[in-house]
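Everything on this sheet refers to the single structure shown next.
The first chain written gets the first letter, and so on, giving A, B, C and D; residue counts start at 1 in each chain.
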Amino acid sequence: MNSLLALLIIPVIGSAAAAILQRYRIVERLITFLTFSLTFLFLFGIKTGNLFTWHLDFLGKNLEMGLQITPLSIFMLYMTIAFGIVLTFYNLSEKSKMKGFLLLLTLAASNWIFMSADLISFFFAWELMGWSSILMIFGGRREAESRQGALYYAMMSIGGSYSMLIGIFLLSNLTGTFSIQSNVSYLVSILSVHPWWVLGILSLFFAAFMIKSGIFPFHTWVPYTYGEAPDGFVPYLSSVMSKYGVYGFLIFLPLTLGAHVPTVLGLAWPNYVLLWFGSITAVVGSVLAFMQDDVKKLFAYSSFSNLGFILAAIAIFTPIGLTAGLFHAFNHLLFNGAIFITVIAVISKVGTTRMSEMGGLWQKMPLTFLTFFVGIAAAAGIPPFAGFGSKWMIFQAMISHGLIFATILLFFSSIASFLYLMRAFHAIFLGQLSHRYDNVKEVSAIGKITESFLLGALIFFGILPGFILDPINSIVSSFGLKPLPTSGYEYINGFFSSINMVSIFIVVIIAFIFGFTLFAVVAKHKKVPQEDNYTAGQIPQDWNLTPEMYQFSYDFYEPMDKELAPFLKVKIDGFFKGFGESVEYIGGAVKEIFTGNVQIYTYLAIGGLVIFIIAGWVVW
Amino acid sequence: MSEWTEIVDYFRGRSMWMLHYCTGCGAIELPPTMTSRWDMERFGITPMATPRQADILLITGYLAIKTLKRVIYTYEQMQAPKWVLGFGSCTINGGIYWDSYNVIERLDKYIPVDIYIAGCMPRPEAILDAFVKLKEMVQKGEAKGYEKYVKNYDWYKANQDRVLKRTSPVLKEIEKVTKIG
Amino acid sequence: MKTYNIAALLVGVPLLMAFSIPLFGFISKQLAKWITVLTLGFEFFFALYIFLWHIYPFNVIMGNWVPPFGENLYIGPFATVLIILVSFVGLMISIYNLWSANHGDVVHFALLFLMFVGGSIGLISTGDIFNIFIFMEITGISSYALAAYGPERRALGGAFKYLVVSSIGSTLYLFGVLLIYTQLGTLNIAEIAARISQTTSGLLTFAGILLVAGLAVEAELFPFNGWVPDTYTGAVNPVSATLSGIGSVGGVYVLFRILMTVFGKDGNFVSTYGNIDLMSLVAILGSATVVIGELSALAQKNVKKMLAYSSMAQMGLVAIGFSIGSKMGSYAGVFQLVNHSVAKAMMFLILGVIVSFGIGERIDDMKGLWYKSPFLTITFTIGSLSLLGLPLFGGFWSKFALVDASIQRGGWYDFVIAIVLFASVVEAFYYLRIVGYMFTSKPISTDKIKVSVSPAVPIVAFSILIIAIGVFPQIVGGISWNAAHELTDKMGGYVLNVIPTIVGH
Amino acid sequence: MVIEFLIKLAQGLGIGALALATGLLFGGIGRKIIARIQRRYGPPFTQNYIDLFKLFSKGSVSHGWAFDLGLVAGFAPMLAALMFLPIGPFTLLPSDSSLIMIVYLMMMAYLGMAMGVLASGNPNSAIGMSRALMLMAGYEVPFAAVIFSVYLFSKTGYLTQIVAQQAGGFMNWNIVKMPLGFLAIEIALQGMLGEKPFDQAIAPAEIASGPMVELGGKYLGFGMIQHSVGLFLETGIVVDLFLGGAPNFWIFIAKQFVLYFIVILVDAILPRLRIHESTSFFWKLPLFLGILQAVIVIIQGGVLNV
């Protein structure tokens, strides 16, 4: 079978099988996992330049729908399917809700998005992914909220798709073809002649991509949706599905490469604008994240904040910017996946998503704790874990253009990410263990395997980034740019510097060994239970002090509220909600036309006729 | 080995961190002791915030049974080596509260006191004198109150229980109140 | 001129069987139902035969009187696709009716139903504007009666409203026909079409306006569609399905047959006659209908009423598609019409099943349907997603074509399509809201709904059809394209096929 | 190979010890200076060595392995970061991205430390940590602005090279070329070192010394080492960036001491701000200075040719 077709057909068949057998949960999960694995096997058969086209007798045009493989699509396919395998493997054992057949449909759509050679297949796949994920989000932990979340997502997503649809037809009417390549090259050719027109088309497309990735000002749906989606699906939603927007941007961004357009600080102005959208997203996400008490919402904000980083990086369409963006996309997939999988593991054990109700779980779930720790260290960009290299490259890309304000925004976001990550870390795993969770157990064997794998991957790709940078370099050269120099798997080569990650790793390890030796040699310590704590002389038991009362994690950054209040007053969310409400209000008013009174209907009909006739008379 | 212990003891004597448990009026003597007139930091003595960090427990004044309980708890939270300074007459014989029904008379029946500072109030000079004495004792390896406490724990415990028993009805009441609240 | 007179059975058989149903009814009530199924099965397969063996386009000539002198039926691609659609939907609803006999007088119901379908087929196939009026009256009268069926009092009210507004419509239509006859002296569509461009009488424009207004009642265009919500809601569900899946098809057919074939010009863009741009008029009506329909549906708490408003809005989309005037636009219109009537008929039937199990028809009552019947939930979802135009479902391609056509047309249609798409977002909201209620929210009682075979067959058939169109749009695409060709190429597509020897060409 | 490695190891430990000694000495001198400003005699300037020695010989409590791991994780990356800092003419592990490595390794140390103290489960340490992090959100932003200006100005992140660019006398130092940046980083330094008015995190009288509330004995010792090495590193970076590095170790620590002296003077005369006041302070004046510096550098032609 043609591998390209197999990537689409196998998930669909798997989906049908899973739908039929969904009554038997374990079978359904197994089918989901196996389908992902099988799809992955077929990935080895594809090569750059593979093409597949079929003709569709539709629209009265010679409509060619095609699949094609570029280095970028290979990279995306490997990344997303591999993550899907990890997630579905994890879901084999856990009780988290997830509808396998919809996930597999999403997989088919996802593969199709990355492989589509023309805008019609792209749109088709995009919409398919849209509705299958919408249906998936129904049926989260909390019923009413998950419905709201799914609807919010649906509204934004469908709005975005329609905007893209209009863009597609505006474009194809001029070029007479739907092929992505020829449309993009057409846009390149008219960019300097009709810049506003191109901008109009691009903004129609970019709106869809921004919505999907949750870029400011379309970020508002993200927390509602990620926060309420079924636990087994959230990692996929935030790690994989947010990357479709990135892929979309990468389709259109090369068009400013060869064109003569006004530049700002060496950046073509459309890129400059996108860069600002990215930077603002990064900041907005981080700032809103550290105000959150709901752990899924917190990482939802975190997720789109990182997407802001990625967008800012790829907007600087230089070799280092592109490399940094793609590298961060990969790292984000990895650490965000690790974080979300550990988070849903915790949620499934404690049965709540409110962080202020958790705490001290490191004693009960040590492996989960360690995975989470490494995950947030990577998210904070700390060497030698995955996440450091890409963040550092993003900063280099920005500094090299002298984009001081955007850089500072991003750096602030990076620091703020440290804040919210520490908060989640503290509130979930550190601090006092409530007696409610005395019986909490570590995740099952399958969960342990998944977590160890993610832990290993975070370290492995941290110290040997070359395994990711190599394919990224081939993507960079496929865009006609000169890739960054490579010098071995352990090096991250940047603009200013090259970093040998292995050497850092070794130095840190030696320092750790020394630290532990010192720790073991000097005076001995006494192990005490966590309740034995400094309480200013009060004996906790006398005052009925329970561990959860002795845990400070609610409203952790309350003093910041005051400083950020002016910024938090701007409520984009409120705008969308208010818009929705007023539409509903107008709907209520319009409904009153149909009063149920037949006389009114008669008057309406006659009135309509009279207006026609008068209008006819006047023009006549 | 003994040389090593001597060295350690020498440094311990030079760096004593103090947790002041200010129950009574004696606390008023501490600010002058710390500030420019007498400056106790020149002996390496610094006030500390928690029992985990402290070497000296300085108890300034009378101890009601209620506070005694906290003192014992705090003392047990401190880690060896640790020393106790009883400050003022109240810790020695109850002072003016000698016949009170709920104030203890002798602190060292409940926790081992290394040095008492007599007086009502003792002046900062007296406090500094006590610190210097303690330093000398530590450096000579004589201040071993904490070891005494471990050795005679049963005796101390019995003494503590005898008086602390009296607080239980009150605390029981509180328990009820907090439960209802 | 190809003729195929045996095709007169398409119109004749259902009407004949309709009037003989009381006879069968004497034998057994069940037999009356089965007769309906058989008749419509015959219709469907006959139409399918015409389609698959490419017999269309052809004329059916009554008593050897060639048009324009005699009465004729003309079955071109447009008629073929609509006859297949109507007979298919009719067949499915009649199969559904085998089970749902709880609306009173079974025999007369079957009679009226068959009469309605037969009338619609006649309406679609006839080549004579006065016969159109006759068939409109046949369908009209039967549908008033059908709409009044049901145990609830609101059915009567709905039927009465339908009757009043629809009578206004037919009166206006009749006036229009009268004016045309006085000006041109003929009733044959082909001949009128051929001769109309040689006449410059303003009265014809006036006639056009009257015809648009009259037919807009059946085609559910604002402001002539006041009857829609009450009638649809009042009628029992199979009747609502019939009205929405069959009734509106006939209305749309006539409206655009007259606007495009009669009043249109040759060439790609058929729009103006006289000074009044009738097509733009319809586009405005269509846009208004879409917006008003969607907004009204948004505010509804009653699912059935919501479906009614949504029907209205979908018909607006169809009208916009045709009104673009280009081939692509007509294509989008035909395709949208097919998708709409299939999906909407199915959803009304599903609602009928739900209601028959004692579950209310408000949104809140839909809560947790997934736990009661995954089958109904999934099929309802398929219907909704198709109406929203999401891929893998039929509606995707028609909405796709609609956007393409509008943007090709350019000009103020860019705004029309923007409005339409915004309205579609609104539509997505209320449909997905229902779907959300169905998928989430465990209900208080999880008594399983056992769907018996006869309602399950049409629902399954409709769902399969929707997905089949979604995956292979060619099924409908090819013939719709031909239909679009017929509509936009007035002379070559229609007139010369009916009367090859037409004067003045 | 092995010999080479062992030599490096020994040198590394030596640097660690030296940095620790310097850091502790600075701390001791700082205490002495403050005492003198307050007209006290003050402790001997070796007091910090004595304290550290005592702490390592004293018993302590542990709240579990995460507590232990956190303390070591707070110590080890600090030590690792030292290896990349040019101390005078000497750098153990020259790397052309030394600046960013030091900055990020220090962050890792804070992360580890935070993990340890939060694992103790004491709300005071949580409050202290929350304050420390909020303060960090303040001072890191102007700090970053200055670092970026230096990057743009020197066109490298290699500290040794930055030092080399400043060779040839006082007028070549970056403090002369980028005075605003130096000002901003000196203010940021005040916050980084947690000296008054930015010592909210370890306010002893308010929240019982915040993060350190459960630390005793060797744990507190590790905390002290971390602080001292951090002091050495942070002042060391500023010396390398702005004060032209140093030809030998003694001049290096002399320059470091000058920076620390300013910090101590400010510390001695100011009271403590509230946490949100200090955070927003950093977002105002120092950030403004830092950005102004960066803009000046860009205008002077600091943009790299890509």
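We adopt the following convention: a residue touches a chain if its C-beta (ideal position, glycine included) is under 8 Å from a C-beta of that chain, and two chains touch if they have at least 3 such contacts.
Since the structure is predicted, the reported quantities are computational estimates derived from the model, not experimental observations.
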item: Chain occupying the most central position, where position means C-alpha average; value: A
item: CA centroid of chain B to CA centroid of chain D, Å; value: 37
item: Rounded Å distance, chain C centre to chain D centre (Cα mean); value: 78
item: Inter-chain centre distance, chain A versus chain C - centres from mean C-alpha coordinates, in Å; value: 43
item: Multi-chain contact sites of chain D, meaning residues that touch two or more partners; value: 57-61, 208, 213-214, 217
item: Interface hub residues of chain B, defined as touching at least two other chains; value: 50, 52, 77, 79
item: Chain A residues counted as touching two or more neighbouring chains; value: 526, 532, 534
item: Chain contact graph, described as a line, ring, star, complete graph or other shape; value: other
item: Complex contact set, residues of chain B against chain D; value: 8, 11-12, 14-15, 35-36, 39, 41-44, 47-50, 52-53, 55, 77, 79-81
item: In the complex with chain B, residue positions of chain D that touch it; value: 31, 35, 38-44, 47, 50-51, 53-54, 57-61, 204-205, 208-209, 212-217, 220
item: Chain D residues within the chain A interface of the complex; value: 9, 12-13, 56-64, 66, 68, 71-73, 75-77, 79-80, 83, 93, 95-97, 100-101, 104-105, 107-108, 111, 114-115, 118-124, 126-127, 129-131, 133-134, 136-137, 140-141, 144-145, 148-149, 151-152, 155-158, 208, 213-214, 217-219, 221-222, 274-276, 279-280, 283, 287, 291, 294-295, 298, 302-304, 306
item: Touching residues (chain side chain A, partner chain B) in the complex; value: 526, 532, 534, 537-539, 542-544
item: Of chain A, residues touching chain C in the complex; value: 56-60, 123-125, 127-128, 130-131, 134-135, 138-140, 143-144, 146-147, 150-151, 154-155, 158-159, 162, 165-166, 169-170, 173, 580, 583-584, 586-588, 590-591, 593-594, 596, 598, 600-602, 604-609, 612-613, 615-616, 619-620
